[in-house]
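The following blocks contain the structures, represented as structure tokens.
Both complexes below contain chain A, partnered by chain B and then by chain C.
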Partner chain A sequence: MASSDITSKGSDDATPHGAKVGLLRVLGPAHIWALGVGIVLVGEYMGWNFSVGKGGAFAALIACWFAGILYTCVAMIDSEVTSTVAAAGGQYTQAKHIVGPLMAFNVGLYLVFAYTMLEAANAITAGYLISVVAGMMGHVGDLDQRPFIVLVIMFLAWLNYRGVLATLTFNLVITSIAFVAILVLFLSTSGVLGGGIMQHAALFEGHELPYGWIGVLAAMHFGLWYYLGIEGTTQAAEEVRSPARALPFGTLAGIMTLLIAATLTWYICSGILPWEFLGDGVDGAVAPLFSAAQLSGSMALVWFLGFGTLFATLASANGCINDASRAWFAMGRDKYLPFWFGAVHPKFRTPYRSIIFLVPIAMIFALGAPLDQVITFSILSGLLEYTFMPLNIIQFRRKWPLNSIKRGYEHPFHPLPAIVLLCLCGITFFAVFLGYGTQLVAMIGFYIVVSLWFHFWRYRFVNRGTQFTMPWPKPHGY
Partner chain B sequence: MQTWNYLEYAAWGVSALLGLYMVIDWLKVDSTYSEEVLTSSREGELEAMTEQHKL
Partner chain C sequence: MAHYEAPKQSKAGQLLDVVVLVVLTIGALFVPLWMGMAGAAKTVANPDANPTWESLGQNAVQAAQYEKLGYTPETAHDLILARFDYSFTTAALVVMIAVIVLYYFLMLRFSEVEYREVISEKFGDK
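Let's look at the complex of A and B:
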């Protein structure tokens, strides 16, 4: 870890880094890629296949590509705004500068809930995977998964506590291995290297769209799973060496990687596994890429994809801890939450109190809540966040037109991506409502209640004079 | 298989050690540095120094 003073203006001896302690700017584009793809790639290894159950294999492919368009819009919009509003908190900070405090508070909570729930879901999955490994190695009886779930959360929290460079370098290594595993499985089973085992025509015959077009719509819910979390790259904005370069580069490279990984994943799994088995993520293909590797007949591929699944799960949980803690920290620093959370570790330069505070919350959900509920809570928070983005970018362009401030990246065809994103979010809300209507209504009710609490109570503590930090000109029309 | 039972205990033990490390370090840092220093991070400070935001 670099020990040079980055944030201090003076040479005060109060800390090893001077009078002021801030987050450390040590990350490059590869770390941004690893953060975004790392959070998401687990969705290729498991979860996306529920979309096959909703509407068949073709519906899953349509959902994969439409969700791909949704997330490409997310990545482009995020790249433009974050490369300009380069501060921890990501979309929360964007909302604070561009829309207003109430929106910022809500977006901050969406972020923390989405990532903490996803972290809990990943820890549950890691515990399950370790129990599968125990079974494969001859363990008789049920393995107690709890110690491994707790270990995953504690180890990754410790890594995050110790510094962002090691945390995201770790993510870079394990995410790359997990991505290469998908490529190797594709090359080995498609006939590019050796004999292929794909049977798309035979498996699809008579099952093209088993539930018709409503099945395609329902599949959109789990289509998000291919890409959910790529927007997390923005949380590293205050820790990259060059925000204007690294954030757009890492985020756009990340969405391209995921579009390739998602399409290959669909191609491999739908060509090897029958749709009825593939679409059942509980009693059928829990980890479809791993199941495909098992059918390949190669023990090396089975182990490679087994490690790929575990690494993808760990990378996702690791990135989630990083992102949730930055959002919580940024809200604390602005006094949207107690100021105490805005502390930075003077040696490791991480938001250590926020990291520690979120550990027991993740633990409670990982040990006490059912996996599907935890995942749904995460998806819904993410979806609310994506709905905010088009409104955000339209306001951003209106208040600060292209020639008024310096941007690291300017996304093309504005406002088309914003309109497409808004329409796709509307469709996905309907798809989620079809399967999880009660949870959707309960969640929106929850956010209304906390918004009232913020408006009538918490806002009086907010640092109103210091929350607008960007040296921008006055907004257009003000 | 007994190995996995030992691994369960090891997982509990390592988790406890990591948790203990973080809590002890947290208390040590909080008692060594003033609250003013620990919460001195300000959004956009570096940004203001390095970026002009002018075309």
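Let's look at the complex of A and C:
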């Protein structure tokens, strides 16, 4: 079969569905890196430390690296598929073309919930941080965090409404500052610059594996938080100038950055903070890098890491709004959801109705649920999505073998990454079951109900052949 | 396959679909919270009536870090001694595995039926 270029070549003013106003192609590889790392880097600033609570510091390190392997597989698989399926919606659009409409509908919901819950978690952390800063500035008593949570979500939604280039350029700057803050804290506390304050051996003494090996398995649950969201780079596929180059480059550079940041974060925090305090993200270390900076004795570091934490939460929430709205928009455009959501703003060229619609959803969870529950909801949606990816790549390679269509990137050692990813997802399901089995069953029950709703009701409003928009040949076996 | 012409959905119908989806979403996420069945709470199995850093299992370095964080043995008592309970029943594990497998099975099965329609209409049956 002859090779053909399947990368999207849509112009600025044409969507795959022929609408007159499309999303704007203005982004480069640096923006993709900023989108991916910007969403995820907050995971080093808060949330990952629940894995310490689940199994101890060593368990959290093992979880960090195994989750790193999981996400490396995700990034490799995603880079191959998305360098060919270059359209808004990311994995939703991949599933639509490769597995089928019902799978796509579910994947679209995974994306929206994972990112919207992550956005809610970011807003909660930003509210907490502002209350801590108020205390440092002399405020007496408890500060009501709710107005700040609302303000953060509203401001970032407004930024997203106004345009993608400004949004992701803003992300590029604040993500870079947040990443540099981790490097500076590491250099300042590890002994590279001046005297070190790390005390790993003494802090671990007697608490190496407080729950034994089952604690290592349990830690995998929150180990995902170090990297959750890197796959969101694909949401910008319809807005990058060169999808085949920028998407794999930005995604793979992003996962490498995060592997370094995650390991440094664990090293810093576990060498300064006792594990019981570090592992309690509600009553102990809500923002562990900030807590580590507080024990460094340097006010400059405290302020730098304070800004780093705030910037990381803002960058993440910003990227989450961007990604969740693209997924919702793409489903609306295909009529998987009401078509009203598939509109693009005539001036700003953004999916403005989807952006606005998801604002109150994020607020409900940011104001109404505790942080660990919100994080768990996000992780569960992410986990269901990662379980879909091995199925997706295996079907992709089977339906369109390597010599049949042109790919921007071909991931090596197939099907090994898919098998490893599936096994690690199985382990993580067990880890979630150990502590949050009720949510797991409730969430899957929800997906079963909405799947039946989609298949037997909603799908009647979807045109059949026209939803397949990629210029690909007919798949093998059909 | 004959070309399928999707019916046009009324605005009220679109609104109703969104309401259904939002209610299901909030229900799935909040019902476990409201019923107090969400999450793994940590509990202190053996409380210490007169805690010291030694009785809480903390060495000198660990105790010093807690003190820098503003804790005393009394205020750190629950933080240090609370533990998760990872015990589970085989039946619960089997139910979880069955639910996950059933979910993916249903989804792949229905997706395949829908996908064949899409490919048939897009490319024809040849």
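We adopt the following convention: the second predicted complex is superposed on the first by the 459 of 478 C-alpha atoms of A that agree within 3 Å, B and C clash if a C-alpha of one lies under 4 Å from a C-alpha of the other, contacts with A are read in each partner's own complex, and residues count from 1 in each chain.
Keep this in mind: contacts are C-beta pairs under 8 Å (C-beta built on N, C-alpha and C of every residue); 3 or more make two chains touch, one makes a residue touch a chain.
None of the values given here were measured: they were computed from a predicted structure.
Student: Based on the shared chain A superposition, would you classify chain B and chain C as clashing or fitting together?
Tutor: fit
Student: Of the partners chain B and chain C, which touch A:Pro101 in the superposed model: first, second, both, neither?
Tutor: So A:Pro101 only meets chain C here.
Student: Of the two partner chains, chain B (first) and chain C (second), which one does A:Val42 touch, if any: first, second, both, or neither?
Tutor: After superposition on chain A, A:Val42 lies in contact with neither partner.
Student: Going by the contact rule set out at the top, does A:Asn403 touch chain B (first), chain C (second), both, or neither?
Tutor: first
Student: Considering only the touch criterion stated at the top, classify A:Ala87 as touching first (chain B), second (chain C), both, or neither.
Tutor: Once the two structures are laid over each other on A, A:Ala87 reaches chain B alone.
Student: Going by the contact rule set out at the top, does A:Phe339 touch chain B (first), chain C (second), both, or neither?
Tutor: In the superposed model, A:Phe339 contacts both chain B and chain C.
Student: Any idea whether chain B or chain C touches more of chain A?
Tutor: C
Student: Mind computing the angle chain B to chain A to chain C from the CA centres, in steps of 10 degrees?
Tutor: Roughly 110 degrees separate the directions to chain B and chain C.
Student: Should A:Leu151 be classified as contacting the first partner (chain B), the second (chain C), both, or neither?
Tutor: The answer is first: A:Leu151 touches chain B but not chain C.
Student: On the A-aligned overlay, A:Val140 touches which partner chain: chain B = first, chain C = second, or both, or neither?
Tutor: Once the two structures are laid over each other on A, A:Val140 reaches chain B alone.
Student: How far apart, in Å, are the nearest Cα atoms of chain B and chain C after the overlay?
Tutor: It comes out at 13 Å between the closest C-alpha atoms.
Student: Touching chain B in one complex and chain C in the other: list those residues of chain A.
Tutor: Residues common to the chain A contacts of chain C and of chain B are 339-340, 466-467, listed in rising order.
Student: Which positions of chain A touch chain C when the two form their complex?
Tutor: 53-54, 99-104, 106, 113, 199, 202-203, 205-207, 210-211, 214-215, 218, 272-274, 276-277, 280, 283-284, 291, 295, 335, 337-340, 361, 364-365, 368-370, 372-373, 376-377, 387, 391, 429-430, 433-451, 453, 455, 458-468, 474-475, 478
Student: Quick check on the complex: what are the chain C residues that touch chain A?
Tutor: Touch list, chain C to chain A: 1, 3-7, 9, 11, 14-15, 17-18, 20-22, 24-33, 37-40, 42, 57-62, 65-66, 68-69, 71, 76, 79-80, 83-84, 86, 88, 92-93, 95-96, 99-100, 102-104, 106-108, 110-123.
Student: Looking at the complex, which residues from chain A come into contact with chain B?
Tutor: Residue list for chain A touching chain B: 6-7, 9, 14-15, 19-23, 25, 86-89, 93, 134, 137-140, 143-144, 147-148, 150-151, 154-155, 157-158, 161, 238, 244, 330, 333-334, 339-340, 342-347, 352-353, 355-356, 359, 403, 405-406, 466-467, 469-472.
Student: Going by the contact rule set out above, which residues of chain B touch chain A in the complex?
Tutor: Against chain A, the touching part of chain B is residues 1, 3-4, 8-9, 11-12, 14-15, 18-19, 21-23, 25-26, 29, 33-35, 37-49, 51-55.
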